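Both complexes below contain subunit A, partnered by subunit B and then by subunit C.
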Partner chain A sequence: MISIDKSAMSTKSVDLKNLSQEETALEIRNLDLKYGDKQALFDVSMKIPEKKVTAFIGPSGCGKSTLLRCINRMNDLVDNCHISGEVLLHGQNIYDKKVDVAALRRNVGMVFQRPNPFPKSIYENVVYGLRLQGINNRRDLDDAAERSLRGAAIWDEVKDRLHDNAFGLSGGQQQRLVIARAIAIEPEVLLLDEPTSALDPISTLIIEELISELKSKYTVVIVTHNMQQAARVSDQTAFMYMGELVEYADTNTIFTTPQKRKTEDYITGRYG
Partner chain B sequence: MGNWFKSGSPWIWMTGGAVSISLIAVLGLLLMIAWRGLSYFWPAEIYQWEMQDQHGAKYTLIGEIYDTEQVPTEQLLSAGHVFKEAQGDTVTRYLVKTGNREFVGLDFRWILATNIISRSQPKDIAVMERSKNGDFYGYPVAVIENGKRLNFDNVEASFESHIERAVVLNDKAVDIQKGEIGSINYAIEKLRLQGRGYELDGELTPVIKADLAHKRAELQVQYLIVEKQFFELRKEAGRDSVVIKDMRGLEVTLKLGSILDVTYSNRLGLLDKLGHWFVGVGRFVSDDPREANTEGGVFPAIFGTVFMVMLMAVIVTPFGVVAAVYLHEYAKKGPVTKMIRIAVINLAGVPSIVYGVFGLGFFVYMFGGSIDQLFFPEALPAPTFGSPGVLWSALTLAILTLPVVIVSTEEGLSRIPSSVRQASLALGATKAETLWRIILPMASPAIMTGLILAVARAAGEVAPLMLVGVVKLAPTLPIDMNFPFVHLERKFMHLGFHIYDVGFQSPNVEAARPLVYATSFLLVTVIVSLNLTAIAVRNHLREKYRSLEQ
Partner chain C sequence: MDNMNLNKHISGQFNAELDDIRNHVLAMGGLVERQLEQALDAIANLDAELAQRVIEGDHKVNGMEVAIDEECARIIAKRQPAASDLRLVLAISKTITDLERIGDACVKIAKVALEKRLKKQQPLLVSLDSMGRHATRFLHGTLDALARMDADAAFALHKEDAKLDKEYEGTIRQLMTYMMEDPRSIPEVFDVLWATRAVERVGDRCQNICEYIIYYVKGKDVRHVSYEEMEKDLNL
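Take a look at the complex of A and B:
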């Protein structure tokens, strides 16, 4: 069995089935997604609580990343992608025609599998989102840059070379820079798509610690193929298989007393 | 052998050999053009030959050796040549430039080595570069100053100072002609057009008419004053003459006003020659052409080429980039986009003269003609934009090079990792913002590559330009001091056309041949320096956005 880091579980667990309106950051209702003829998500419904870390786990191709990308409408970029159902962010359906996608994405930040800094200086990377919003006041930008870089636990490493190219950083540093960039615009939700899969173990550890800190301010949703990681960092875990949400519960519950056979098979390593 | 074949060595030799052959070809070409072109400015040795032709007549020849070749004796014999002594298989023949065109008829002649009695290099022979009739070779004997003959045995210094004086005066006169007289003529023409404009609008009241007439009269007065200055300078410059003994032994009087420079080539040491060489090259790139382009410099052609190419770059870059952005970023991927892309690529294969015909028909006649009717009716029937000009040339070449820019920009756009686009979009950027802030800066090295290729192609293109704006001799540059300073409707000179013109259309092809090489070398230099500038910019951009290597 997998050992569970209790420090990550220190917050009080919530009742996912009967989550109140106030506690819910995101609600997914009957979400179906098709790439052309191929259906990738089948009737997914779940509530994601505010200021917690929610992990999506499952074998490759199970649709966990696709589900994550539905939350900030990154799937809009894919041709032939058809979505039905609703994703509610504080009660507002983000697939509503009236929704401004750019505004939504400012509210729902995302960090990708591979570090993807812009070919600009560290500083310009962090303030990119702010400049997009028309903020060009040097002081505001400086403050935001320092705050975000501190928030992403990278300030001490880069404070002396803020104007160097971001590509001079190591992979782990780049990933934290990207997190800093995402939190600089102060989103409510932070989506992390396998944020450590391209990193070495030490960088992974640093990022995991960072995730535990981030949940004090943000609702974090993380996709990971690494079950230990899910167990270490998340408060609740959703197990997905073949495009369906198989089981969604407290991380503790999922890893110790899974209700479904498939979940148990997966976390005990019988497939995946 | 079999093993050697299997080892892959032949393949390496073959590929390496291909590269070497290409390199040798390029270097050989450059070296040949450079050598032939640049050696033209090196002061040649001046010889005096004592000759005796086959009929026994003796004569003297002064000049420089231009070319040497071996002629089969048979050929000369069958041409009716009689040799006193038996010759070998071949006889050496020299091509001699004798200059003095107006006195000897031919300024180049072939002489046979067998006819030469003796050859010497007298130190006193001077080469005079003249504004008309080419070079003059001879022994300066005296200067005529104000009608007074000053023989000189040792007054060469004063001779040179006389020439100096005439050159300075002539330069002043040219400055007045090009500057002030040009401006006044331009202003008078403007006034005429203004008057004609009022007439067309039916607003030519007596008051306006009187006003225009008054202004014109003022300009006329100014003109007469300047003209008087001009003629006085010319007269002053033509005050002195020089008496020269030429190779026939006759004394010839030349006006100093027509002499640009005098060189005692045989007295020059290596350093002096080097100095002359630099002065010659400098003049070549900074002077106006003379004598139907066969002498003087090529400055207007350099200026025209660079100006037109830059104008083209300014036009083609935004167009090409915008088109590529649409094709790559916005257009739906489908058969239509594919077709358009193929069509764009095929456009690059259309012969350039076809673009010239298109430019003439569409830009010059239709577009320019309409502009004239709408904005310059007062000048009609004389066309303003309705005739070939530098703007139409730049536009025609812009269309010609558009595919290159589109293709390489698209290439650059497709090399940008999608993760970077997604990163920007995930931060709340719209597609347009992502394009402006991330994609285009990252694609800028590729855009520069497109521009480099476009410039390289456009600068060497001559055929279409002959239809849409290039002329043999443009009296004025497209940029001058007369408002509005940039005159895009004007015709211009181009190095490529200059090569063609000098090499094939000039009355004296032999004399012009070194100029063809020199101009070719200059054209290559201009293109290479334009490209090197662009490459430097691109490398700078690459360094800045070097994420693509990851």
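Take a look at the complex of A and C:
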């Protein structure tokens, strides 16, 4: 449906500079990151709105995955990684000493480029996180498994073989299974690191469709090499280049009238 | 936008395709410009042969519109253009529609030039001639701005249309006076009126094209906005 209301046309769907506190799920402030001597992120500051899809795009090595990993402290596992600045999840700095990293990662789930199901049954994959939390009641686990598999748009395909090995699923199904596993523990934020780069076009479309549904419940942050994918699924897009956040605006603006020359060059395929 | 002196695409083929549609739209503009000049010459001199040539030449303009539109559709399907590339394809796709309509206006003018009864009312054509020259200049300037993708020139030209509209009003008043003075001249006056109207529409079409140029260069849609807003959008 086309709106012809002029005032509605001129106001952007989300005014990123004036997000109020309630709408901001994550705020990154002056984040610098070094792997040893090599600085990978330079003074990145941005606000990621709640229950929207935010995409990070940029050439290989620009720091987009590094930035994504900062959001659930995956970089803690990397030796020689030094981080300064803040990442606030609902106002709380996740790099604060008091923060329990395991609890943080329960709240901020992550899905990787290659589907990585555990060598267990489909069912056990989904309830794995719940079992870790000490939930063993069969009924609760069954409910959670169905809810998560439905949420990841794979329930109909696996409901009759929940106890088959997860490796028997196709790549696209495995990726949705991994998403089901991530949402089973009901995180607030879902980080997707190139979730479709190992998938065929149809599976990719199914995952993209799923992402649009996920945002009704979760704040989604996605790293993608596929610019058209960012254009299709995201509400906000951040363009990164050599560790700097070059431009961050609503996706419509980035893909029709980017303000920075570097962004323009990259999304029109002139970079290089 | 920092500026529009963009680098080349990594894909040389894509570069070539975009250059192609740009060149084709300029060629189409040249063709339409020639049609307009000839149509106005034909009516000024009541040259039936030239008028006939203009009418027959319109199919070339129509053919170019269809061909360029197909190229635009192909680029969108194959390349998924974004940002300035997308705006270029959209601006061109719209520009050719307006150019084709200018072509139709030329045919209208040429058809009037074929009217034999105008021979005895040649003085009626004087103010049409001056309006026609104005419209030709306007079209020429617009195509120039299009070739250089010059938003400032497009904005300056956009304002030109008001002058052409004023001339149009003056011509209409003059033609009405003729009708009142000599009702027997009404059929001839009507003929000239159609041609005058067609010339006036050329100005409107040029104005649209100027808007597309601004859209491409500045990324701002300036259709249906006041000049104050336009100036603000363009940071003039």
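As a convention for this text, the second predicted complex is superposed on the first by the 259 of 272 C-alpha atoms of A that agree within 3 Å, B and C clash if a C-alpha of one lies under 4 Å from a C-alpha of the other, contacts with A are read in each partner's own complex, and residues count from 1 in each chain.
Please note the rule applied: contacts are C-beta pairs under 8 Å (C-beta built on N, C-alpha and C of every residue); 3 or more make two chains touch, one makes a residue touch a chain.
Keep in mind it's a predicted model, so treat the numbers as computed, not measured.
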Query raised in the report: Touching A:92 in the superposition: subunit B (first), subunit C (second), both, neither?
Result: neither
Report task. Using the touch definition from the top, say if A:84 reaches subunit B (first), subunit C (second), both or neither. Result -> neither
Requested in this report: Check whether A:182 is in contact with subunit B, with subunit C, with both or with neither, and answer first, second, both or neither.
Outcome: first
Report summary line: Comparing subunit B and subunit C in the superposed model, the one touching more of subunit A is B
Requested in this report: In the overlay, answer first, second, both or neither for which of subunit B and subunit C A:74 touches.
Outcome: first
Report task. Using the touch definition from the top, say if A:45 reaches subunit B (first), subunit C (second), both or neither. Result -> neither
Report task. Check the residue A:136 against both partner chains and state whether it touches subunit B (first), subunit C (second), both, or neither. Result -> neither
Query raised in the report: Where on subunit A do the contacts from subunit B and from subunit C line up?
Result: none
**Report entry** subunit A residues within the subunit B interface of the complex
**Finding:** 72, 74, 77, 79, 102-103, 105-106, 109-110, 112, 114, 116-119, 128-129, 131-133, 165, 167, 178, 181-182, 185
Query raised in the report: Which residues of subunit C touch subunit A in their complex?
Result: 1-3, 6-11, 14, 80-87, 219-220
**Report entry** subunit B to subunit A touching residues, read off their complex
**Finding:** 333, 417, 419-420, 422-430, 433, 437-438, 441-442, 544-548, 550
Query raised in the report: Given the complex with subunit C, which residues does subunit A contribute to the contact?
Result: 227-228, 231, 255-261, 263-265, 267-272
